[in-house]
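Below, chain A partners chain B and then partners chain C, in two separate complexes.
Right, the complex of A and B next:
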C-alpha cells in the first residue's frame, strides 16, 4: 500500500464524517420536517390553479410543470447539453459507418422471437409514459429513454445492419434528433409569433394566460387537462431522446472493422 | 416514535454520504478507467438519491402523497389539502435534469474509454507510456 492511497483514504473518511455531521445537525435545514419550503409551497399551489391562472401551468403533474413551464428555458438548455454530448460522440467516431456483411446474423432464433414479442410492448409503454407526462409521473425524457431501450434491444439481437437496412442509418438518427430539438424551439416561440402577427404581447416559453398577454395554449383536450405546451414539449422531447440515445448506443456498438479507420491502428502497428 | 424516525433518517443520510466517499475513493485510487467510470456513476446515483431524500416531508396524517393531483381540483379547498400532503417537487425536477446531463456525459465517457482501449490495448492508466 502506497502513501498516496493512505492519504486518499484518510481524506475521504474525513470528508464523509464532516459532511454527515453538517447535514445531520442542520446544514441543509431540517430533513423530513412537517412544513415545506416556501418555494415548494408556491410550486405546488400554482401547478393547477384555475383561480390564479396567470401564475399557473394548469397541469396536474407538478414535476412536469416545473420542468417544462416554470423552468422551461433551463430544460431547453439541458436538452441541448444532451445534444452536444451526442455531437461530441459523433465527432469522436467520425468516419465510421455501419459496414455491411461483417457478421450480420445477430443472436439466436429464440432471442429474436422473444424480442419480437417484447419490443413493441416496451415501445407502447414508453409512448404512454411520454404522452401522459402532464397527467401522471413520467415525461418526455423518461418515455424517450424507455423507447430507446427497445431500439437498442433490436440493434443487439438483430444486429445493427438490420436497423441500417430498415432505414435507420446514423445520419437519419441524427436528423430525428435535430427535428425533435427544432420542434421544441418552434413550440416555445409559437405564442410569440402568434402575438406578433395578431397584435398584442406574449413571452418565450409562455404556456397559459400571463399578465399583459391574453394568448394561451389549449388547456383541455376533450375531457382531460392537456397542460398547454407541456404535452407538445413531452412529445418533441421523446422523439429527440429516442433518436439521440439510439444513435449513441449504435455508435458504441460499432465493430472493430468499422473503427479501424477511426483509431488509426495501422500507423502504430 | 418521532425520535426513532429521526434517528433512522440520520442513519440513511450518513449511509449516503459514506457511499459518496467510497465512490470518490474509487475514482481517485483505482487505476482502471472502467472502474473509475463505475465509481463515478455510483457517486452521481448516490447524490441523486440523496437529493430526492431532501424533498421528503412528514405529514400529520402519516405518509405523504406524490406531487401529482389525482384529478383537477374542484375547489380551492382541494388544492389546500394537496399542498398539505404532497412532497417537495423541486428536488425531483432538479434530479431529472441531473440524470439527463449525467447520461450525456456518461455516454461520451464510455466512447472515450472504448477508443482508449482500442488505441492503447489497455484501460490501466498506469501501464500506458506515451
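Right, the complex of A and C next:
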C-alpha cells in the first residue's frame, strides 16, 4: 500500500464527513453570525426597498441587483469579452463543420441511460437558477453554464452528430448566442427608447423609477418581486451563455483528422 | 467566542488542508487524466470554502466552470496530445 493511497483515502473520508455535516448544519439555520446582520440590512436597504423604489432595485437578491443594476454596464462588457473569445474561436475554426456520414455511435448503453436520467435534471436545475436569479442565489451566467455542462454531456455521450441531427448545428448555436446578446442590448435601452418616443427622460440600464424619470420596468409578477430588468437580463444572459459555451466545447470536440483537411493548410518550408 | 461561530472557521481550515493534499497529488501525478480529477477535487474543496464564507453566488459560478468546463477542456487537450507525462 502506497503512501498516496492512504492520503487519498483519508482526504476523501474527511471531505465526505465535512460535506454531510455541512448539509445538516446549514439546514438547521444560517451560518452567518449575528454580528454580520447590520451589513445585510444596509445592502437590502438599497436592493429591496418597496417603500422607496427610487433608491431601490426591488430585488431581494443583493448580488444580482449589484451585478446587473448598480454596475450593469460593467457586466455588459464582461459578457462582450466572452463573446469576443467565442468569435475568436469561430474565426480560428472557420470552414469546419460537423461531418455527416461518419456515424459515431457514442459511448456504451450504460453511460447513455444514466445520461438520459442526469442531463434533464441538470437542465432543470440550471433553468431554475437562471429564472430565480433575482430571488435566490444564482443568475444568468450560473444557470447558463449549468445548462451548457448538460449539453456538453449529451454531446460527448451521444456524439456531436446526434446534436447536429437534432437541429443544434454550429450556426444555430451561434445564432442562439447572438439572439441572447441582442436581447441584453434591447433590454438595456428599452426605457430610453420608450422615453424618446413618449417624452420625458430615462437612462441606459434604468430599472425602477428614478428621481427625474417616471418610467419603470415591471417590478411585480402577480405577488412575487420581478426585479424589473434583472429577470430579463438573467434570461437573456443564460440563453447567450448556453449557446456560446456549447459552441466552444463542440468546436474543440471536432475530430482532428477532419479539421486538418479544412484548417491545416500546407507545411511551409 | 461561542462554538457556533467558531465551527465554520474550523471546517474551512480542514477543507483548505484537504485541498492542499489534492493540489500536491495533481502536481505529482504522471497520469494526466488522474491529475485532472485531483484538480476537480481541489475545486470542490474551494467551492465548499466559498459556501462557508457565505458566497453562494460564487459557489454557483465556480462549480460548473471548475468542475464541469475546465476539466472538459483539459481532457480534450489530453486526448489530442499525450496521456502520460514523461
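We adopt the following convention: the second predicted complex is superposed on the first by the 215 of 269 C-alpha atoms of A that agree within 3 Å, B and C clash if a C-alpha of one lies under 4 Å from a C-alpha of the other, contacts with A are read in each partner's own complex, and residues count from 1 in each chain.
The rule is simple: contacts are C-beta pairs under 8 Å (C-beta built on N, C-alpha and C of every residue); 3 or more make two chains touch, one makes a residue touch a chain.
In this text the structure is predicted, and so the values were computed from the model without any measurement.
Student: Based on the superposed arrangement, let me know which partner A:79 touches: chain B (first), chain C (second), both, or neither?
Tutor: first
Student: Now for A:154: first (chain B), second (chain C), both, or neither, which partner does it touch?
Tutor: neither
Student: Which partner chains sit in contact with A:129 here, chain B, chain C, both or neither? Use first/second/both/neither.
Tutor: Only chain C; A:129 stays clear of chain B.
Student: For A:146, using the defined touch cut-off, is the partner it touches chain B, chain C, both, or neither? Pick first, second, both or neither.
Tutor: Second partner only.
Student: First (chain B), second (chain C), both or neither: which does A:137 touch?
Tutor: A:137 contacts both chain B and chain C.
Student: Touch test for A:252: chain B only (first), chain C only (second), both, or neither?
Tutor: both
Student: Is it chain B or chain C that touches the larger share of residues in chain A?
Tutor: B
Student: Should A:184 be classified as contacting the first partner (chain B), the second (chain C), both, or neither?
Tutor: A:184: touches no partner chain.
Student: Tell me the contact category for A:15 with respect to chain B and chain C: first, second, both or neither.
Tutor: Touch status of A:15: both partners.
Student: So which positions on chain A get touched by both chain B and chain C?
Tutor: 4, 8, 15, 19, 31-33, 36, 63, 137, 139, 141, 145, 245, 252, 256
Student: Can you check the complex and tell me which residues of chain C touch chain A?
Tutor: Contacts found on chain C: 4-5, 7-8, 11, 14-15, 18, 21-22, 25, 28, 41, 44-45, 48, 51-52, 54, 56-57, 59-61, 64-65, 68-69, 72-73, 76, 80.
Student: Going by the contact rule at the top, pick out the chain A residues touching chain B in the complex.
Tutor: Residue positions touching the partner: 4-5, 8-9, 12-13, 15-16, 19-20, 23-24, 28, 31-37, 39-41, 43-45, 47-51, 60-63, 66-67, 71, 74-75, 78-79, 81-82, 84-86, 88-89, 92-93, 136-137, 139, 141, 145, 225, 245, 248, 251-252, 256, 259, 262-265, 268.
Student: If we count contacts the way the header does, which residues on chain A are in touch with chain C in the complex?
Tutor: The touching residues are 4, 7-8, 11, 14-15, 18-19, 21-22, 25-26, 31-33, 36, 63-64, 129, 137-139, 141-142, 145-146, 148-149, 152, 245, 249, 252-253, 256.
Student: Spell out the part of chain B that touches chain A in their complex, as residue ranges.
Tutor: 5-6, 9-10, 13-14, 17-18, 20-22, 24-25, 28-29, 53-60, 66-73, 76, 79, 82-83, 86, 88-90, 92-93, 96-97, 100-101, 103-105, 107-108, 110-112, 114-115, 118-119
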